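Look at the two complexes coming up: subunit A is in both, with subunit B in one and subunit C in the other.
So, the complex of A and B:
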């Protein structure tokens, strides 16, 4: 029973990280109908920057803040410089550009920081809480992770539902031409969507880095999990992304605990394929007409 | 034809010999007209005459090969679509064109964007001013929806509304920005007789407060609502003037009914007159 509780707690905190990655993917999808396969590379770069800042300045929170700002800027730059050119073309063009960017970023990171994974400090203690003499598999740092992700999700919901800027972002995403005619600066909304997405992505990188270490390819599995979580949630809904992330975290934690850690990535891919085959609109989608 | 009609100083908007070609097809051929402030101008013509292309040029969706647009005495060199609302031009689309998954109220609020005063940064930080801004837009949007008798559906999604109600919401979205020129692209499409009559009264009520350009197939609406009518055929202006005159113009009848039928109807109309 304690094992089940441990696995559940662990699933919630890893699920929170998947949820953050999923949120980043959902944001770019909502803004521009592009799945950003370069997201893993972008959050890898910002986490490397955080790592460098932390080791030179000695301050975790300075590195944390710098990474978030870099994420925001990187997202905006990638949208303006690269994606703007392929947004209106065939969807495949954007996929190829994003994959190309991922490879470029990984190569650059290898050249600058080397290919050996390096450790990354957690924000708070990773020693599990002491419950009745035993340490459970949930530490202050996990509490921090879960609270941050809940905060981000709530903040995004408030932005989209309660502000005019969120309203304009939604309008621009659904019907760019009509939105433009009504005076919405559609291009700016796209840039803002990417910047916000990359900000959330860099946050996910910081949260997961202590567990996976920092290296050019260390974040690849996280992106697969994040993508699976986003698809579970329907790719269009921030709430769905969070629920999908936590659900995936729990399932993978049980798989890892009861069946073996080597099966985790396989299980994630099986879930991804199953959802795409059975409910391509995500688990929470209502039946919608399909445009052919 | 051409540039006669009302004197230029009254014109709020004018097109000067607009020409648009798509490949070998000339969609608009040296089209010129003017519209005065507070006037309702009908744009009619058979299918493919270039009516929607004309609207697309005004909105900046299509760039003309030659010709110019004039807005309040100034030449619009290149129309930027996202500036239209700010300079006071609004358009409704054929069909409905509402944002899916935004409530009816939110749809109308997007149309009121030009009254917003808050930048991206303060909105993101959730500053009180952006909150006030949001409330002000909401209030303005609701007031416009009340005028168009669709306030009660404010929180519903467009796709759950009856078609005529969707059309009213779309009209509210165009009007909430308080345009000085309103482009209506087939506003009566899909409406029943009573609804068309109601729409005619609404357009009539707008007269005076803004200029309206109306592209429409329903002649009953055109004849009752418009002060003047411009008739396009194969991209050329073949007639313009008040509705009664245009209705009897042999060229117009020919364009709509074919040559022989046109002549006989024209002579019948002439007999009626005497």
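So, the complex of A and C:
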């Protein structure tokens, strides 16, 4: 029973990270109808930058802030320089460009920082809380992770529902032509969407790095889990992404705990296929049809 | 040489044309393997199994319009099948390769049936998960699959009638080359047959295709299964050539470099697959040479091919989506126009 509780707690904190990656993917999907497979590479780069800043300056929070700013800039640059040119073309072209960016970033990281994974410091203690004499598998750092992700989700909800700029972003995403006629700078809204997405992605990288280490390929599974979580939630819904992330985190934690860690990615694949077969619009779809 | 190709291309019978093409390619391979040294023979063998995989993948993506990032994992299925059958069960080579094709076909049916219901980014994501998830099984079942170290098999022995001094590398190049020729023959026939046309019809307009009586899902599954079978054969040949099947060879990079190769060669073109296979074989050794002559660190040189693949994927999609073969075709048709209408039939 303690094991079950431990796995549940662990599932919630890892699920929070998957939710953050899923949020990043949902933001780019909403903005430009592109699944950003390069997100795994982009958050890897910003986490490497954080790692370098932390080891030279000695300050965790400086590295944290630098990574977030880099994420914001990187997202905007990628949208303006690359994705703008394939947004209107065949969906396959955008997928291929994103994958090209993913390998390019992984290769660059390998050239600059080497291919051997390195450790990354957590924000707070990773020693589990003491409950009745035993340490549970939930530490102050996990509390931080969960709170940050809840904060990000709430902030995004407030942005989209409560501000003019959020309304403009939604208009640009759902009816670009009408939005343009009404005076919304649609291109800018796309860039802003990508920048915000990359910011959330870089945050996810910082949160998960202490557990998976920093290396060019260390975040590949995180990208898959984030994608699965986003599809669980329907790719269009930020709330769905968060719920999907936590649900996936729980399931994968049980799979890992009872069946072995090497089956986790295949389990995610099975969940992904099952969801796409049974409810192609995700578990929280408001629309019935998926765009084909 | 050009007249031979022109005559082959000009022939109206698809079967005869494919046979002619295969005989021509076989002759080129044979002469090349006689002329080359051991190292280049090995490169030829590597190129041959890459071609087997790329031919299937380029038909899948270019003709039927489905993307797959899971073909590296499908190669792993074929490679491990051959390694287990030859290494543990002492099967002869040809039945082991056939079994690899059969098993990968079955996996392809399972994955393909799921894949036909997915589109664009969904399909890419699902096959990406497949590519990352499958190699982990080698860790889970270490007893069977040998864990990180993989499975080692004995090299194939050249038959005695070839002489005692027949080089092993040349024999491997012949085996892999024969496999590639089989794939070339089947695919070249298929592309020009009714099946190939149904692939294109489904790619261009699913609704129109189904109005014409095509079963869209079945056509897409068939395309996926065919390309999976090619990947299985390619993987099996990889084990024969490298004498090793290990999870390190089938990471995500493999699937992404396969995608790069078909994009670079030109989607849907079998000759493009030849270009792609050549790039996959030659680029790592070229970058190694360049890195060596500029005395770059190993971290830089080891990642150089990947960086180039990434750049190629991005620039090809932004600037030059028809690939090397598209460029060659444009040049050929321009030259053909200048030479007058007679040569027009020569341009594919």
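Just so it is clear, the second predicted complex is superposed on the first by the 286 of 292 C-alpha atoms of A that agree within 3 Å, B and C clash if a C-alpha of one lies under 4 Å from a C-alpha of the other, contacts with A are read in each partner's own complex, and residues count from 1 in each chain.
Methods note: a contact is a pair of C-beta atoms (placed from the backbone, for glycine too) under 8 Å apart; a residue touches a chain by one contact, two chains touch by 3 or more.
The structure displayed is predicted, hence computed values, not measured ones.
After superposition on subunit A, the partners subunit B and subunit C are seen to fit next to each other with no clash. When the shared chain is aligned, subunit B comes close enough to touch A:186, but subunit C does not. More residues of subunit A lie in touch with C than with the remaining chain of the pair subunit B and subunit C. In the superposition on chain A, A:170 makes contact with subunit B only, while subunit C stays out of contact range. In the overlay built on the shared chain, the residue A:101 is in contact with subunit C alone; subunit B does not reach it. Once chain A of one complex is fitted onto chain A of the other, the partner contacts of A:224 are limited to subunit C, with no touch recorded for subunit B. The superposed three-chain arrangement places the nearest Cα atoms of subunit B and subunit C 23 Å from each other. Comparing the two interfaces of subunit A, the one with subunit B and the one with subunit C have no residue in common. Against subunit A, the residues of subunit C that register as touching in their complex are 61, 65, 67, 69, 114, 117-122, 124-126, 128-130, 132-134, 136-137, 139-140, 206, 251-253, 256, 259-260, 263, 299-300, 302-304, 306-307, 309-314, 317-318, 321.
Interface of subunit A with subunit B (complex): residues 158-159, 162-168, 170-171, 174-175, 177-186, 188, 192. Here subunit B touches subunit A in the complex through residues 59, 61, 81-86, 90-91, 93, 97, 99-102, 106, 109-111, 113-114, 116, 118, 120, 123-124, 126, 130-131, 133-134, 137, 173, 177, going by the rule given at the top. By the touch criterion given at the top, residues 34-35, 37, 82, 85-86, 91-97, 99-108, 110-111, 114-115, 216-217, 220-221, 223-224, 227-228, 231, 260, 262-266, 268-269, 272-273, 276-277, 280, 290, 292 of subunit A touch subunit C in their complex.
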